[in-house]
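Chain lettering (A, B, C, D, E, F, G, H, I and J) follows the sequence in which the chains are written, and residue indices restart at 1 in each chain.
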Amino acid sequence: MPTQPSRELEAIPNPHPGRDYEVRCSTPEFTCICPRTGQPDFATVTITYVPGESIVELKSLKLYLWSYRNDGAFHEDVTNRILDDLVAALAPRRMTVLTEWLVRGGIHTSVEASIP
Amino acid sequence: MPTQPSRELEAIPNPHPGRDYEVRCSTPEFTCICPRTGQPDFATVTITYVPGESIVELKSLKLYLWSYRNDGAFHEDVTNRILDDLVAALAPRRMTVLTEWLVRGGIHTSVEASIP
Amino acid sequence: MPTQPSRELEAIPNPHPGRDYEVRCSTPEFTCICPRTGQPDFATVTITYVPGESIVELKSLKLYLWSYRNDGAFHEDVTNRILDDLVAALAPRRMTVLTEWLVRGGIHTSVEASIP
Amino acid sequence: MPTQPSRELEAIPNPHPGRDYEVRCSTPEFTCICPRTGQPDFATVTITYVPGESIVELKSLKLYLWSYRNDGAFHEDVTNRILDDLVAALAPRRMTVLTEWLVRGGIHTSVEASIP
Amino acid sequence: MPTQPSRELEAIPNPHPGRDYEVRCSTPEFTCICPRTGQPDFATVTITYVPGESIVELKSLKLYLWSYRNDGAFHEDVTNRILDDLVAALAPRRMTVLTEWLVRGGIHTSVEASIP
Amino acid sequence: MPTQPSRELEAIPNPHPGRDYEVRCSTPEFTCICPRTGQPDFATVTITYVPGESIVELKSLKLYLWSYRNDGAFHEDVTNRILDDLVAALAPRRMTVLTEWLVRGGIHTSVEASIP
Amino acid sequence: MPTQPSRELEAIPNPHPGRDYEVRCSTPEFTCICPRTGQPDFATVTITYVPGESIVELKSLKLYLWSYRNDGAFHEDVTNRILDDLVAALAPRRMTVLTEWLVRGGIHTSVEASIP
Amino acid sequence: MPTQPSRELEAIPNPHPGRDYEVRCSTPEFTCICPRTGQPDFATVTITYVPGESIVELKSLKLYLWSYRNDGAFHEDVTNRILDDLVAALAPRRMTVLTEWLVRGGIHTSVEASIP
Amino acid sequence: MPTQPSRELEAIPNPHPGRDYEVRCSTPEFTCICPRTGQPDFATVTITYVPGESIVELKSLKLYLWSYRNDGAFHEDVTNRILDDLVAALAPRRMTVLTEWLVRGGIHTSVEASIP
Amino acid sequence: MPTQPSRELEAIPNPHPGRDYEVRCSTPEFTCICPRTGQPDFATVTITYVPGESIVELKSLKLYLWSYRNDGAFHEDVTNRILDDLVAALAPRRMTVLTEWLVRGGIHTSVEASIP
């Protein structure tokens, strides 16, 4: 039976919480639905963070991003929602989410949001 | 109301049927479902053809490729099916379909099928 | 009936006004007329901004940039005018407009203007 | 007074008609109007030919390509028309016209036509 | 329990045996042991083939390539052995194996073997 | 007899300890075992440091990195352990370790840790 | 009659003097004579500035750079002289001149000078 | 005293006349004068040949190409003249001259001529 | 004691003499002395061959190429001599030697020789 | 008679000592001998400096770098020695020397040293 997409992000203990270090996860496999046109949009998503007590489990991150596949989501909104969900799950010391979207109407769009 | 995906490919009359010339259409926005794992796969699809009496209407091509989004499809099979469907709709003098898939299990796969 | 070019930029509400985040829109499809020679000029336009209460609606941005197609415009002037128009429409917290022009007389020119 | 676009291609005598040699002219500055949507399209046009008794005068080629700026033209059609016009003006021994269009609906299209 | 490396290549039925088409599988994750120095070697392996009645199952290909990890293998020998094993398992109509090795002693080496 | 992998890092005297200068060592030949799946992982490891009284002997660094070949190691953990071992052996004035891993589950991961 | 090279740089009024913005002009078409060997040298010249009351007219810049064609000029000297002449003509708020020379004696040289 | 440009090409004996082998000489340092506008043109010149009894002495080739610096020369003509001069001096078994010119009027031009 | 450069090329038995396959060895670490100027020249050497009964031992190839370090050698001559020496030592079914030299006098030179 | 390598660096007067500006000289043609193995090493050397009263004469720099050809020199040591020699000869206001070495044992090494 296939794995199911999921909004649950799994946090696992940071093996080196005593040091500030940076983790970067990037995937070109993000797709969602444009709420305006009902057509698919595609993006590369890059998450960069300094972990606190937790790091993200990579398979749960994959399933989390997959869960947007049939969601209507504006570029600006989905970027901030991914950031909010990851911050809620991981309580990182710093985090940035960058989405770089394939061209629509001749325009390349990207959105970058950070905490703090 | 959003446009719906569709398996209908629209053929429009070739404006220069007296000459063999080549048309190439390529998109990085193809996604389907892996029948083995139930997880999304992503590919760049490139269609190269010498039209006969018809050329493909680009919006119908976009909707046709979009229609695979929730389909289970093996790499080798989907490439040949796209070729078969385009040949049936357009009766081109020559045609090649190339699919280049994002890496799975550390392996990059591509499939290329042609007529005649 | 085809869409018409327009100087109207549509502002839509920023879905996350409580956070400073950055949006970048870039297009290689900008063309206007050189006021000195009457010949077409071509540029890539890149707009980077931190939204305030509004974000730009992408289709209106496309039509806005299209509206320069038959306009006489110096490189330095058009860059500042695009910045002024976007600032007036969106009241962003920060904004930069960069235009990168195709070579004329063997010289590549680019212009970058920002607020504040 | 600015130069005017023109459909007239100027042929000048080939300085070495006794030898088959190849000339290539390429420009990223081609734009026309999509007859379906009324919106601008952009392409790089590359012309490769073996001259007969004539070579093309470059300024007349520039004005010729500029003359499409306000024309409605399908990708496949405009490519063949440019080839036909250049063949009529220059009577080359061989010629290929390649147009590579900026992405529309997520699809990159190119068209290549040749004589003989 | 983790998957184990294996020399067994799984052949699955070719879904379109009536047509000659080409499949390419490439991985930068190949490593074996240099029989001369006992030190690890690294290569990108690219397999290109026209299937007959069978195509290779990708997970079994991954495990097969993994099985060389603790094997002593000369560049020229391992390339031909991979080709022999794949030909024995799949009976392809045509096949090429290319190995491109990371630099040793300042020299970049690659080996390419084909049938028929 | 082949060289054996080793966890011993050899420190040799810094020939210019009176000056802060930067040394960078980078290798695409790092591989270890994923503790979750038992399968091989691959990374490029880049070590950048300002030496104190010692610099690293390059052959011992090669053997040290090779010693991870049959080790189970999480991305975040192994990066910090390499940093800890190098700091213990060399007492550098500054040091950064960056690991960039080949894609797993469609996700590219990198980890960067530094002292002080 | 052909245009003549000229040391006269034409300044035209800055259309937006109330804002600090940056203009960049770059050309790979600079050549002068090496005073040591009498042989031609070639460079790419890049001028980046924030205009004050004036911007440079591009045709006069082209003719100014062309005027070095038969001049003997050392790399370091010509870079500073171009900067001095542009500063004298334009009174910019900031300006940088970068020259990047084609290889001589196996050595690539570049020179960058700025005001203030 | 500086070296002077010269139309004399020096031929030196081919050290391996018994074998057909290929020599390629390429330089981005070619400049001449446009006969139409009186302005400088710039090109990369690439000469590829199979020597007969002679090979070209490289310094004389450099001086020969330099001799065009103050010459008026059309793209198509200069390419064929360089080929004619080299063929006269070297009597090669095969030779191709390719000139690739910097953009003029938005158009990139290249010319390629060969014997036999 | 350091390894010494040597003109001896070691041939080892081809492990798969029953099949025509291609081996490519390439190194950017070739240097010799220009017989005309007495100054060092640098090249990338690429050897491509189909082995007969023998393949080249890589360490002996490294020492062989190193042996040119203090040799005066013209580009055309050294390329043919490397080919002759490798053919004498290995009796390959086909072989090509390509040398690509760093720029001298503004000119990039490469030489390619093959048997049969 | 060929030019001889030399440790003498020639300083010539800075033509613009009243301004801080930057000169960069870079060459891929550096080679020396590894003191540990006796085998040749290869590096790209990049020197970046702000001149004081003197600039370096480029031919003397070429001969100076050439003088290491038969010298045994560790990566870290030779980088600092080049910096020391150039500082002694030129008394620059700022200077950085970067050496980037070709791969040894699978490891790419670079060293960067600066004054002040």
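Following the convention adopted for this analysis, a contact is a pair of C-beta atoms (placed from the backbone, for glycine too) under 8 Å apart; a residue touches a chain by one contact, two chains touch by 3 or more.
Everything numeric here is computed off the predicted structure, so don't read it as measured data.
Enquirer: Write down the chain pair in C-H, E-J or A-F that repeats the interface of G-J; the criterion is over half of the contact pairs matching by residue number.
Expert: More than half of the contact pairs of G-J reappear in A-F.
Enquirer: Between chain pairs E-J and G-H, which one is joined by a greater number of C-beta pairs in contact?
Expert: Higher contact count goes to G-H.
Enquirer: Using C-alpha centroids, which chain lies at the maximum separation from subunit B?
Expert: Computed centres place J farthest from subunit B.
Enquirer: Report, in whole Å, the distance between the mean C-alpha point of subunit A and the mean C-alpha point of subunit I.
Expert: 51
Enquirer: When the C-alpha atoms of subunit D and subunit E are each averaged to a single point, how far apart are the two points in Å?
Expert: 46
Enquirer: Two or more other chains touching the same residue: where does that happen in subunit G?
Expert: If we look for residues of subunit G contacting two or more partner chains, we find 28-29, 42, 102, 106.
Enquirer: Mind listing each pair of touching chains for me?
Expert: Contacting pairs: A-B, A-C, A-D, A-F, B-D, B-E, B-F, C-D, C-G, C-H, D-H, E-F, E-I, E-J, F-J, G-H, G-I, G-J, H-I, I-J.
Enquirer: Any idea which subunit B residues touch subunit F in the complex?
Expert: Answer in residue numbers: 42, 102-103, 106.
Enquirer: Mind listing the subunit F positions that touch subunit A in their complex?
Expert: Going by the criterion above, the answer is residues 74-77, 79-80, 104-115.
Enquirer: Going by the contact rule at the top, pick out the subunit A residues touching subunit B in the complex.
Expert: 1-4, 28-29, 31, 37-40, 42, 66, 69, 102
Enquirer: Help me check something: in the complex, which residues belonging to subunit G touch subunit C?
Expert: Those in contact with subunit C are residues 14-16, 19, 21-29, 51, 55, 58-59, 61-62.
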